[in-house]
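Heads up, there are several structures right after this.
In the two assemblies presented below, chain A is common to both, partnered first by chain B and then by chain C.
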Partner chain A sequence: MSSRRLMWIQTVKVALSNLLAYRVNFFLLVIGPALVFFFVKYSLWSSIYEQQGNRELAGMNRETMLGYQAMVLIVSLLAQGHNSTRLAEDIRLGRITAYLMYPFSLFEFHASSFIALQAVQLLTSAVVFMLALSLGLFAKVNLAFIGQGLILCCFVSILWFLIQYCIGLMAFWLEQTWVMRVLFQIVAQFLSGSILPLEFFPDGLRNILMYSPFPYLTWVPARAMLTGEESLLYGTGILMFWIVCAALLARLIWKKGLTMYTGAGM
Partner chain B sequence: MFLTLKKYALIYREFFATCLAEATSYRLHFVLLIVMDLLFYATTLTTVDFIYQHVSAVGSWDRHQFLFFLAFLLTVDQLHMTFVSESFWVLSASIRNGDLDFLLIKPVNLYFLIFLRHIRPASMLLCSVTFFLLWHYGVLAGLSTIQFMLLPLLLFLALLLLVSIEIFISASMFWLVEGTGVNFLRMQLQQVSRWPDFVFYGLPRRFFTFVIPVLLIGNAPVQFLFSPFDYHSLLFMIVLIGFFWFMIELTWNKALMQYESASS
Partner chain C sequence: MMQSELAIFCENLSKNFRIYQKKPGLWGSIQTLWKREFIEKAAVKPLNLEIRSGEIIGLLGPNGAGKTTLMKMFTGIVIPTAGQLRVLGFEPAKRDLQFRKKIALVMGQKSQLWWDIPAMDSLQLLMRYYEIPEKLFQERVGYLAKLLEVESQLQVHVRKLSLGERMKLELMACLLHDPQIVFLDEPTIGLDLIAQRKIREFLLNYHREKNITLILTSHYMADVTALCQRIVLVMNGEKHFDGSIRAFEGLMGQEKYVKFFFSEPQNENHPLLSPLHPQFGNHGLEVELRVPEDKLKEVCAHILKELPVTDFQTEKMPVERVMQELMSRTGA
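Up next is the complex of A and B:
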């Protein structure tokens, strides 16, 4: 095994043990919010559809809406768990100086943490999926569709990681980056169809949104898993485009940021 | 009594002055906080507006009543973010790194020092926006002058219940090594409180009304405004505030015994 690969494996292992060291905290930070978000939407839509006599709203009946919301939960667990709190703190406290000398870069270190988180989240979302299945939240399950959605989720998680990485790097300029993270979260949750499926949006707005990366963060993978209507090739193509953009942006921010870095806090 | 009040008012004035100086030192952060809050209002209100494009009522509420309810909660949220919220985040860090020592030795009420120390001036600016939304949707929902006059008291009660529940929950930070998760739990409870109680059924509704009564924060005052004869929830809310302060005294005394003063 090459020493580089060994470095990656060891760093992922350390990241994994760090993640699971404070299990209650991990649950409250990463899994809890997604579950509560789902619980609120499940209650809201159940109540609305019951009042409407289960008639279709924006082309969705009660079953498809609840199935969609369950898939949104799976997508958010699988692809949107990562955040850049640690990175911002490392920059602010001058801890990244060490990484500038290590043979393992800061990006590689954070990518290892991301891989560790994904491993845990894969397991969590599998459990949640089985639970949702046993509760009858999915009218029908097609394994090919699920596989298609999982591939899209892989790309979404990489894009999400890169966006979070860019936000974390903003700590070169900002005292606190949590506002940027929450700002992105608010916009992404609304425009990606996490709260309301895009079918509920006015046509004009929905058409404009399709030119942005937002629908591909939640709406497209959730629909791919449920209906298989979304083209896998087209979806991955669009996500690849945004991944390349985010990677280039991260590289640019890193280069510019390093010129600002003073190593304060050492 | 008067001297005590004066002493606390003077301390609070110093708190505000230092927070204002700190906030204005980081101007971009200050602006981003305002943008974040504005986007939060916009997405919250637009979500409900989009739903009402497909239905005429949710529960017994029409569009204006629902939007008034949201404006009420956004105002509570804004007041909470301005005067209290930041302190909870600082508390979890203070317990972890031992900074709480410096508060424990001061001759000032501990809750006052911990929970009213950090003020967000950027959020204070936006209170005017939420007050405008409250007035706007209040007019559209057909509120009378007397109902408008009751609003400050009801807002105060709602904020007091929210803060009481959160202070009670935050005692658990002393048992957990890492308290950030408890702050995320608080945020999730706030998310549940932002919806009308008729959206929830069965056990969850009972749990969030009687055990962790976050559903009362907005529902009890707004339902009282819409139908003044339905005052039972509001009375229950007042009783619960008293109950939570009793529980806070009990749990915080035990929690402080757990404090290990990490730095010393």
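Up next is the complex of A and C:
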């Protein structure tokens, strides 16, 4: 095995150990999202449909809506778990210094930590999936559709990681990056169909949105897993395009940002 | 000396930082929303320095003098504004992979060990990063752990270690890959006296054995006097002194400071004491004198004979006194 690969594997192992270091924290990380789903989204949509006399909304009945929302949660766990809080804090407090000196780059380190987190998120999403399945939230389960959605989720998670990495790197210039991160998350949640399915959006807006990366973050993979109506090839192609854009942007920000780095606190 | 024979070579090396200034108070905060004033601060002014392989150098200076910025430039953490810099023949700012494998940095105020896992896990991670063969890694861990007396701490979570134990493990983590230059930024800060002494002893023994280059910054003059062969004094971003410890001690002239303790108060105008710039304390029961080195024996014998001396001591830290004197002269 190449030494580079061994470096990655060891970093993933250490990052995993770090995630498992606190038992209660780990337990909440695994079951927390399911609890939030049932306390918030399940109750909210059940109540909305009840108020509407169980009529269809934007072509979706109560069961399809709850199935969609459960799938949105699974997609967000599989692809949108990573955030840049740690990176921004490390830059601001000068903690990236060690990684500027190791023969293993900061990007590689964060990417390895992201892989470790994804492993935990995979477990969490499996828990949520089994729970939703046992409650009959998915009308039909097609393994081919699920496989197709999982492939899309892999690409989405890479894009999400790179976007978060770019936001984190902004800490070279900004003392606080959380506003930017929260704004992005709110916009992304809304425009990706995470809060409301894109079926609720006017056709014109939805058509415009399809040129942006947002629908591919949630709506496309969720629909792919539920209905298999999305083209895998087209979806991965679009995601690949945005991944290349985000990677180039991250490289540019890193190069510029490094000239601003002062190694504070040393 | 050829550039290639040097561990560090810098010529006209400088670093400017752009600092934003904010007026105090709420109105100042509101003003900064549309207008910000920046000033350029020269952290290091054009500086020349040559360090040979195997030397132990003390980079001294008050806070904000520029010594840590110098260290950051040597390690490639910050990019110089101007000048030439070569460390082991590499340009640090390019952060070449081979360069990174040859240097190490110990930061007294920052940990490179993972906080929530045992130190051994961090060491194994470093084994992979520096591509150390498994067998060699085990040997080095065994050797360093024994030398630093931390064998039993390797499996303990880092957050549960004392500061002294953590610093020893930090040192261990830095030396695992057998670096040619080790940069030590206040390695004994916050440690008790015994831990400080042990760290110093370890560094001296390790240097003796491996002949690596050590670059040290410390505010503890005991570190400097125990470890450094050469001192580079930096003040306001400029090099004020570069030479041996003996030469540094001699900066204030060839005088020794001697303190006498008496059983009864002494007159400030006593003819034996007054020519020696006496500094009285404790209501005349103590006095510190500046005695020319060549007259030290004679003057001390005379005072011991003539006055009711209960105790006396010569200064322990001439370097510290020179530092204090230089800093007060320059207003640092």
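Structure notes:
We adopt the following convention: the second predicted complex is superposed on the first by the 250 of 266 C-alpha atoms of A that agree within 3 Å, B and C clash if a C-alpha of one lies under 4 Å from a C-alpha of the other, contacts with A are read in each partner's own complex, and residues count from 1 in each chain.
Assume contacts are C-beta pairs under 8 Å (C-beta built on N, C-alpha and C of every residue); 3 or more make two chains touch, one makes a residue touch a chain.
Please read all numbers here as calculations on a predicted model, not as lab measurements.
Shared-chain residue A:263: touches chain C; no touch with chain B.
With both structures placed on the common chain, the touch criterion links A:180 to chain B but leaves chain C unconnected.
Touch criterion not met for A:252: it reaches neither chain B nor chain C.
In the overlay built on the shared chain, the residue A:100 is in contact with chain C alone; chain B does not reach it. Once chain A of one complex is fitted onto chain A of the other, the partner contacts of A:32 are limited to chain B, with no touch recorded for chain C.
Of the two partner chains, chain B and chain C are each touched by A:22.
Annotation for chain A, partner touching more residues between chain B and chain C: B. In the superposed pair of complexes, A:195 makes contact with chain B only, with no contact to chain C.
By the touch criterion defined above, A:47 reaches chain B but does not reach chain C. In the superposed pair of complexes, A:127 makes contact with neither chain B nor chain C. Shared interface residues of chain A (contacting chain B in one complex, chain C in the other): 22. Only residues 3, 6-7, 9-11, 14, 17-18, 21-22, 94-95, 97-98, 100-104, 258-259, 261-263, 265-266 of chain A touch chain C when the two sit together in their complex.
If you check the complex, the residues on chain C that touch chain A are 17, 68, 71-72, 75-79, 95, 97, 100-101, 103-105, 107, 109-110, 112, 114, 116-117, 121-122, 124-131, 157, 185. Chain A makes touch with chain B in their complex at residues 22, 24-29, 32-33, 36-37, 39-40, 43-44, 46-48, 51-52, 57-58, 173-176, 179-180, 182-183, 186-187, 189-190, 195-196, 200-202.
If you check the complex, the residues on chain B that touch chain A are 26, 28-29, 32-33, 35-36, 39-40, 43, 46-47, 50-51, 53-55, 57-59, 176-178, 180-182, 184-185, 187-188, 191-192, 195, 198-201, 204.
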